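Here come two complexes built around chain A, the first alongside chain B, the second alongside chain C.
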Partner chain A sequence: MKRYTYRSIYLAGLLTLAAIAANAQTPDFTAMLAAIDGQLNFPDHDFAAKLRMESDDPENGKDVKMAQTFRRDGNDSFLILFLEPESQLGQGYLRVDENLWFYDPESRKFNRSSMKENLQGTDAKNSDFGSSSLATDYAVSTWTEGKLGAYDVWVVDLKATNDEATYAFKKISVAKKGGLLLKSEDFSLSKRLLRTAYYTSYVQSGASYVADVVLYVDALVKGKKTRITMTEISVAPLPDTVFTKAYVERMNR
Partner chain B sequence: MYQSLRIAMRNVTRQKKRSLLLGGAVAFGFFIITLMNSLTAGVVASAKDNFSYAFGGHLYLSGSVVSERGSEISIIEDASAAESALALLGDGIASVHRRSRGAGSLYFGTREVSQRIEGVDFADERDFRDKLEVSRGSLADLDSMDAIILPEDTVRKLGMDLGETLIFKVATVTGQLNVGEFILVATTASGGSLGLTSGYVQKVALNRLIGLDEGGYQTINVYLKDIEAVSAAATVVYDELSLRGPVEPRTVAGNEMSKMTGLRRMFGMGGPTSVDAAERWDGTKFTLSTIEDVMSTMLSLVSALDAISMAVFVVLMVIIMVGIMNSYRMVLMERTAEIGTMRAIGVQRGGIRDIFLMEALTITVLGAAGGFLLSLVVMGVSSFADFGGASFFSMFLDKGHLKLVIQPSAILRNFLILCAMNLLAAYFPARAASRLNPASALQATY
Partner chain C sequence: MKQRNNVHTFVPALVALVLLAAVPGVSIQAQDTLEEELFGEVMFDDALFDDALSGGEGLVRQADANPGNPSAALLTSETVKVGGRFFMDVEGSGKPDAWGDDISTYLSPGVALGFDLYLDARPDEDLRVFIKGRAEYPFADDGDYELMEAFADILPFPGLFVRSGKQTANWGVGYFFSPANLLNTQRVNPEDPEAELTGPVAVKIHLPVGTDNYYLYSILGEAVDGGPVALAPKVEWMAGNAELSLGGLWMPESPWAVMTTLSTTLGGVYLFAEAVLRGNEDKRWVVLDSGSPSGVSVETRPDELFPLATAGIAWSWSDDLNRANLGVRAQYYYNGLGYDDPRILSGHELAVKTFLMAGALGVEDLVESARHYGGAVVSTSAILDSGFGVTLSWLGNLVDNSGKAGLGVSWDGWDRLMVRVDFDYRYGAEGSEFSPLGSGPTVALLLSVSGATF
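Up next is the complex of A and B:
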């Protein structure tokens, strides 16, 4: 009996040590979310790039749009100006002072839009083109280790901290090495998968990283996806006038 | 005067062919204008009825609050101001319904269609089942939490059939995406390019999806006993709402932004938008829309149609006037000797003039009466025709039938215009006839 007691204490000790060791290797996931935001945002400088959006819809076929994007995360502003197709030339989304405006050159009017809406029929949300706020909008609920292709990843389940986050739940895969966000599964309030975003390529720009190729796969329509590629990336300072309605109007003259 | 009328009647019957042609032209003009007026009035009446049933009322009060994060959330949290305002309408209200709604996407297989869905308390809105124009399926299973009714157009785009299950993706009132599954139980006639036709589910089911309590709602829909009283009622309600709390201005000078804001809220379009710090408000801010706001585009079209038909009527009348004038000039020549005889036996100038005018008036009255009777016959026949229930035009029909509304005031107006124009046309030949020299007229050989 005494022999069993000692064995139990010994096992418990071993388990405790194993747990402590495992815990020592487990990152601080809250800090990890903040780090991801830090990597993806440009708090100290501007950002500009050309966007190519290739949508694949089983019903409507392929569609390609080109746009120029400008970002200033310092004051949470961005501008997306469409260059192609011809029918959308000059249309723009301007995020400024917490408002998102859609400009239609035909009516020459700015109408309010929402960060939660899809960008021009693609599978990307308007909010995907602004600054990242994972750390403020989500809290970690569970985590596990996994593998995504050749990469060892942390698979982290997130729950929205407020009821205004577009997706109530997310499951993100973060590379163990480098801490880059590689995949994000976005769920509805009823916990149904709505879309999966694959961040397949990054380029470094200063201290920040830019996901220059992102694939958004619609989970509700089989075969519907949008691939967004960024080129001509620049972090040079932009004039303040870029983030104004007047600039959008001027570009359409 | 009576003698002049007798002679005028005799002249009308004496020249039957000419009178028939002139009267026929008058009748045709009056027939066209009466038919057009009745048609446009009927279309407006049918559309108002159909749109009222589709949107669940004549007055729509939608509410919104500002969240802690500064977003505008579409919900009525405190309805006291609205209830006080509606109390002022007293007996003018037929019924009040509280609905929720969401604009989202329907998914079936690989197909996706944008659709507005209304959450209706079917137990509360008892006449909903009777009034809804179902083109296929049945409303027997409407109490089921997963039952959905969709417009025929939407169902066709989705390529689905009755009894099949679809997915509805919609944002909660705070903007979080959510999805639910529904079974198609019935289809309704579509609003076509107006794109205003809603789908319907149980309010509780929709509330669960959009994050409202089971008893929560976003709009208060009011049926008035008299649809013509909408504008007056809206003014009363708006004035009271303005006194009791924040309310969206109904119109802004120079643009229609407020009306559009109201309709956007009413239709549940777009997600929550941020509100500038200076523009934020406390409590529930109400936005008032009416069936006339919803139908403003259509009403403009109807007004244009009315104006066009009036212009056609006037052109027709001018042509008839020229015809009458020429006819009476001929009559003047034909009856010169007769006029000379009448003048010789003591008929005064005014008497001669009155005979001509009475003759023109008689033809006008008889022609108008004929045109009116003809329009009644055509209206009666066309109202039997069934144009079906699932087309674009069905929103302008009364359960598939053309509705023609006789408008006594318009008929009286058109009749008076007709009489005035024809009397004017006959006046100049009549005056010329009255001024004939009796001695010269007696010598006339033609």
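Up next is the complex of A and C:
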């Protein structure tokens, strides 16, 4: 009996030490979310890129859209202007502060839209093109260590803290080295997986990063996915007038 | 024998169980394969990743040092772009109340055919010329071609936008009714509320300041014939997720108007409202006149002020699976230019026709003749990911209790083709606004060529 007691105490001590050691290596995940936002946002300079959106839908076939995007995270603005196909030329999404408009060049009207809506039938959401706000929109529920391909990652479960968050729950995989977001599984309120986003390539500018290749895999329709590729990435200053209705109207047809 | 039967049922059940159990495994395996492909050793190993973070190639690469100004590049083009849209509707419509034994007479055929054509020239970052017209069949020599827009965009100096020429100017935020739509030469058609409207010949000066917008329009429609110039300033302010606008239209010795609009979202519901005050109106009213042989005469009321207002909501929903969606719009409209009792028009139909023929009244004087209107539409599209959609709509004159209720079923499962069946029921007394010939249903079958842009 005594032998078992000593053994138990010894085992408990080992476990405590192991836990302390593990805690010493465990990052502050709330700070990690803020760090990801910090990496993915451009608070001090503008951002522009050409977007190529290739959607593959087993029911509707393949579809390619081209767009130009502009971002100014400093005041939470962005603009997406569609360039192809011809039927969507001149359509645009303009976000200024808390407002998001969709511009319809047919009616020449700006109609209100939502960050939670899908971008023109793709698997991407409007919110995917604005600034990152993981730290303000989500709280960390649980975490574990994992492997994503060749990468050691932290796998972190997140729960939305407000109604503005696009998804109710997320499970993100963050590279242990570098802290870049590599994967995000996005869930509904009923915890059903809706899509998985893979961030497979990044472009760095100063201290900021942007995922220039993102693959969105639809979890509801088997085989449906959208690959978004950014090219002609620019962090040069943009005129203030870009984030205005006037600029969008100049691009109409 | 009984045991043998059990074996026969047990083995397939076991196989099925194994297969069922394997399905998630297959799915997980497929995901693993994808992740290996995306993040595996071959493409992005740890060494490359480390290199990448220090500026090498791999998962992370450096942005180009000098990629140019894309916002300016979009504004120029070395070629003149020619584009447009072809449209064609083949329709058969009929009134079931009048259907007899001959099925071939049930639907009267009709064809709408036409095209939009535009030229878009962007020779310089500070200059753009755009011309757009529409032709509709039959293509007569002297008609059926409408100049929709013809304007030049110029930037006299950075931050100031000038658009000069014939241009659409959507001021209102209403859907079915938009009294604040002061500048367009066409009013919103409640039965086709999303149709493109044509605007005036004008010079628009637009100054964006932060999130606010300041506009000044010089309306030159009458100046073309030597008439006066109308001025129309407008301001748009942003406050949180609300947008407020204030504007006006003034021309010497002509009707004037001031308007304000508000649009915002509240709990996922889009709210919109317009209020307008009009004065020096040139609208002509039919009024009771005991001294007139017909019992009515026509008068104008230039000294009265006329308030108009509208408010509405829009809301949309789709389920997480994107298999179901719903859109709702509803709007109320108070038309201060309407009659207290529009039945004065139907009660003196002959006199009204005489006034129209004599030019004492115009058709525009008879549009929206009541004070109170309502409109609503509920729609769902791509039901269960099919091409089917259903729309329920209603438009009503709340004074003479006439209206139009509709049910439409559409299918767009084929590229660029849409088939639609509409069932409309017009209700109200004979002579009422929506049911001048009395109540009754209409059925229409429509085949449309859609999305034929080039």
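In the analysis below, the second predicted complex is superposed on the first by the 246 of 253 C-alpha atoms of A that agree within 3 Å, B and C clash if a C-alpha of one lies under 4 Å from a C-alpha of the other, contacts with A are read in each partner's own complex, and residues count from 1 in each chain.
Criterion: contacts are C-beta pairs under 8 Å (C-beta built on N, C-alpha and C of every residue); 3 or more make two chains touch, one makes a residue touch a chain.
The shown structure was predicted, so the numbers you read here are calculated from the model rather than taken from an experiment.
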Fit or clash between chain C and chain B when superposed on chain A: clash
Which of chain B and chain C A:N162 touches, first, second, both or neither: first
Touched partner set for A:L220, first chain B, second chain C, both or neither: both
Partner chain(s) touched by A:E98 [first = chain B, second = chain C, both, neither]: both
Partner with the higher number of touched chain A residues, chain C or chain B: C
Which of chain B and chain C A:E232 touches, first, second, both or neither: second
First (chain B), second (chain C), both or neither touched by A:R192: both
Touching partner for A:P58 - first (chain B), second (chain C), both, neither: first
Contacts of A:R112 with chain B and chain C, given as first, second, both or neither: both
Where chain A meets both chain C and chain B, residue numbers: 59, 97-99, 112, 114, 188-190, 192, 194, 220-221
Chain A-facing residues of chain C, complex: 31, 34-36, 38-41, 44-46, 49-50, 52-53, 55, 59-64, 66-71, 74-75, 81, 83, 118, 120, 128, 130, 153, 158-159, 161, 163, 168, 170, 194-197, 206, 208, 211, 213, 238, 240-241, 243, 263, 265, 268, 270, 314, 320-322, 385, 451, 453-454
Contact set on chain B toward chain A in their complex: 67, 69-71, 107, 110-112, 167, 169, 171-172, 174-180, 209, 211, 270-274, 276
Chain B partner contacts - residues on chain A that touch it in the complex: 58-59, 97-100, 112-117, 160, 162-168, 188-190, 192, 194, 220-224
Chain C-facing residues of chain A, complex: 48-50, 59, 68, 70, 81, 86-87, 89, 96-99, 106-109, 112, 114, 118, 148-151, 175, 177-178, 180, 182-183, 188-190, 192, 194, 196, 198, 200-205, 209, 215, 217, 220-221, 232-236, 238-242, 244-247, 249-251, 253
